[in-house]
Amino acid sequence: MTALLELDRVTRRFGGLLAVNNLSFAMREGEILGLIGPNGAGKSTLFNLINGVFAPNAGRIVFAGVDITGERPFMVARHGIARTHQIVQPLTNMTVLDNCTVGACFGRENLPLHRATEAARAAAALVGLDDRLHLAALHLTIAGKKRLELARALAAQPKLLLLDEVLAGLNPTEIEHMIAVIRRIRDSGVTILIIEHLMQAIMSLSDRIVVLNYGEKLAEGAPAEVARDPQVIEAYLGDPKLAAELEGNDGNGGHGSAAHD
Amino acid sequence: MFGIIASIIDGVLVGLVYGLAAMGLTLIWGVMDVINLTHGTMIVAGMMGLYLLTGAFGMSPYFTLPPVLIGGFFVGVALYWIAVHRMMGRPPLMSLLSTFSVNLVLVGLGTAVWGTALFNVDVSLPGLTIDRYTFPGAHIVAAVLAAVIAALLYAFLHYTRLGKALRAVANNREAAELVGIPTTRLLAIAVGGGVALAGVSGMLIGTLFPFTILSGDGYQLKSFVVTVLGGFGNPVGALMGGVALGLLEGAVTPFVPVSWTLVIEFVLFVLVLIAFPGGVFASRRGAL
Amino acid sequence: MLRRPFFWIIALVVAAFVVLPLIGNNVELRESLALAAVYITLASNLNLMLGYAGYINFGSIVFFGLGGYICIWLVDAHHWPLAASLLAAGIGVSVLSLIFGFGILRLRGPFFALSTIGIVEGVQAFAENFKPWGGSSGIYISPEVFAPLGGPGPALWVIYFLFVAVMAASLFLSYGIKISKFGLGLLAIGQNEDAAAILGVPTPRYKALCYSASAFLPALAGGLYFFKGAFIQPTDAFDLTLSTEAIVICMLGGQGTVTGVALGAYLYEELRGYLLTSSTFSNFQLVIAGALLLVIVLFFPSGLMGFIYSRFPRLQKVLE
Amino acid sequence: MIDAKVDAASDALLSVEGLEAGYGEVQVLWGLSLKARRGKLTAIVGANGAGKTTTLRAVAGTLTPWGGRVMLDGEDVTRVPSHAKAARGLALVPEGRQLFAAMSVAENLELGAFSPRAARFYAERLEQVFALFPRLAERRRQRAGTLSGGEQQMVAIARGLMSDPQILIIDELSLGLAPVVVYQLLATLKRLKQNGLTILLVEQNVHLALALSDYAYVIAEGRIFTEGLPAQLTANPEIRRAYLGL
């Protein structure tokens, strides 16, 4: 098995809620795997399990042949897994360069400071932040902060990159730019697991898609297959049959205009 | 043997008063996640209230309770507007620093006026003698009063409109605002209530032991220990924690020099915190 | 480090501390500068925790007092020479705080701060009950111990230069850490501990090391301070006023900056000197310190250096 | 009483005009306008991060708008604090329920009627709410935090209703709920509407939202992307594309 990342029956509970339930999948080296599902399906929890913010209640997570189940986040980072956050987490009062240098210093390569600075500059350049290296992170726009998340993760020179909604909140031009950046990163040999709500983007970016719903795997496959899957359509758009039924229930007008097939 | 049991019982009596003090700390923490570092000084303020009112106006010690309670409430409301209000939404360390600095000012003023003289308020009540052991009357009265006030607080929080609104603010501030509760005013009331409780417990402690302007630190530490034992943000837990601390003090006093009790309590404090790293409170959050 | 201008700025300050009191054998200035050196030492080491890692240590005085106790005890009871006693005090306190640090630094934010208050109470109670340290009456050392330093008079000069050396070491340590990888990790922890851990900063180890590093030089300063007074007792050694003042100084100058803390220490010392001599304010030292801190926390949380940086952004590169 | 004379504009109970809002330095809403008409159910749909929740927070006042106006029943309430809006009959059922988790169901409902106006009708309202959600009557003594997701959403809606609202605003009704539960809740909303309540619903489940609403807005990037009668919108391939990328 040449899987870079392998999840084996991973489960995580929060109180009575099964956030991730008996989930298994594997990632090949060099692929982009898209992770989709409705809000609350367990996608961000899954990221937190992989990079050690939470430990799973059951199951195993194996990365590059090493069992990393239950390791603390800073140990996971050292193995070569880097991530971005859905809600950006910049080191607010530090400069863009310092933010990236932290990533480079403590990432997979564990670089000394002077070499880390070079790696940080390169990562910032890749995402197009090289003109704002000495700006404090808090002064960046939301798009800038999203790019910073990515640059910081890249500076660690990871083998696996976890991207959590890097496109959300960006305008179309910024999205286009970000997609190009993600492609470039993949071409440089980094494996990518990406959560995204912008369907067009994730469908075109991903080699394969895993669909989560209620913490379980609903479907897995090529983007086109997944998009045709009736279960997936239901999870996203809601059940058309239920909707029709509800509409049929409507006794006395009030919203007759809502009729549809 | 009865000596030890008597010592434990006496410890529990005093522990109830410590529990009341901790309720003041935990009320503020539970409602707004602010640790009030003026707590110890507010306890001393209650003691001084007792001393001054009994001395200057010749009031009977226990009749100083209402003025101390009311005065404490207004001092607390002022504390909210001066040091806490601007800290809402800033990192928690900032409210720690702001209440810390107010405490410096208060302690400074207190020592400038009164120095470090030892004060003693004599309540001269008959004790209750069982076998050869006498439980001081003041301990019994203070414990009963503490228990009554704690019960009243519980009733206030659970059976009045304002109390329920306060708990709602503790549970979920944004939702409280959405159902029409003026949350800022309630935060001020919570600090007022917390300080009033600290003051009253100080007044009660003043009837038990002599004190100085600087006695606050030790009692503040006890309040922290009690709060951690009972679960942060949980007033009933605080009372139980007080009893537990009193039990412990009563049980060790016969064997260990008094000056060690603070050390033992501190070690307990750290151990409990470490055994439940954030957990004791996390699991009890919103238990108010 | 030698190539950076800031290194030479520190060196210049230290040189001034050495030279100025020697001009005309100015003993009064020497005593005032000695106190400033103590403030700078305490504040800049506190700054490692407060300004870099973002953890408030209300009880930094423990390092100072415990260092004093170990040093005095070794000098008095075991007749160790001063240098060895100081070193032993520094190492002893650092090791103790490393062990403590791994424990209490598992507590986040306010809980860590609370436990540092508890540590002061705990250690003070220990000192009051520990017979070899004289319990609550403390330890007096006989003036004979000054003999190897050339008698009481010259000894004061030696001690002063040692104070300055400890201060210099504190400033260089602060600066050295700030420009190192270790410092970068600490700053990241101070900004956002969770994000730092996810980026790979080994947070538990770094915090404990920082706590321990911030203990060493204050312990030396404490050893010197009480050696100079030839007397130590629990209420002096663990007086919270000094830790409090260190916090005020950090916040006044600007937490996280080396210059700010030194500047804050100097300004605070001046202010305090004025207040102590003025008849109105001499009793209100704590009140003034508290009011000052409150105003800073409420209105100027980034302190003097924050103000300077915002006015002169270029200075940020020169004055760390 | 003067039904015939009211024109479409004054028929709006809630009207939002040119709303701008954001967090920190980040602007999320860029001049968004919409109306919720009396006695109708108006839906807002849109992708994640489009600004739906921000819109509702700015309307309810838990987020201060940067610009634009919020009119409730003809009065400008843009700067009215959140708790005072609640007293004027604007009830927001926030995303993720936001119950008073450690308090009982009954206490949650009682707090819903906190404003003096609502407190007068407390008993009457409680009866109505229990009739609407019999399950809550059974669970009235239970801590709200220990209920199932669907029951929690019921409490959240019921708490909103207890304030005797003129308009009930619901954010992400179906979030994390099983379809059958969502169906029941939506059926309840329909009954409420038939009783004359004005409802503004934000919903990810486009099919259900459109099936139930009288008028709908599609938000994208902090602006109104398109609006119209549900039938017009469902026929629109743009919406399918925005949601599934087909």
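Details
To keep things simple, chains are lettered A, B, C and D as they appear, and every chain counts its residues starting from 1.
As a working rule, contacts are C-beta pairs under 8 Å (C-beta built on N, C-alpha and C of every residue); 3 or more make two chains touch, one makes a residue touch a chain.
Worth saying up front: this structure is predicted, and the values here are computed from it rather than measured.
Shared contact partners of subunit B and subunit D are absent; no chain touches both. Separating the CA-averaged centres of subunit A and subunit D is a span of 30 Å. Computed from the mean C-alpha positions, the centre of subunit B lies at a distance of 32 Å from the centre of subunit C. The geometric centre of subunit A is 47 Å away from that of subunit B, both derived from CA atoms. With centres taken as mean Cα positions, subunit D sits 56 Å from subunit C. Chain-to-chain contact here is organised cyclically: the chains close a single ring, every chain touching exactly two others. Under the contact rule defined at the top, the touching pairs of chains are A-C, A-D, B-C, B-D. Subunit B meets subunit C in the complex at residues 35, 82-83, 86, 90-94, 96-98, 100-109, 111-112, 217-218, 221, 224, 257, 259-260, 262-263, 266-267, 269-270, 273-274, 277-278. For subunit D in complex with subunit B, the residues that touch the partner chain are 60, 62, 81-84, 86-87, 91-92, 94, 98-103, 107, 110-112, 114-115, 118, 145, 159, 163. Chain contact summary for the complex, subunit B toward subunit D: residues 161, 164-165, 167-168, 171-172, 174-183, 286-288. Residues of subunit C that touch subunit A in their complex: 180-181, 184-185, 187-188, 191-192, 194-203.
Chain contact summary for the complex, subunit A toward subunit C: residues 51, 53, 72-74, 77-78, 82-83, 85, 89-94, 98, 101-103, 105-107, 110, 112-113, 116, 152, 156.
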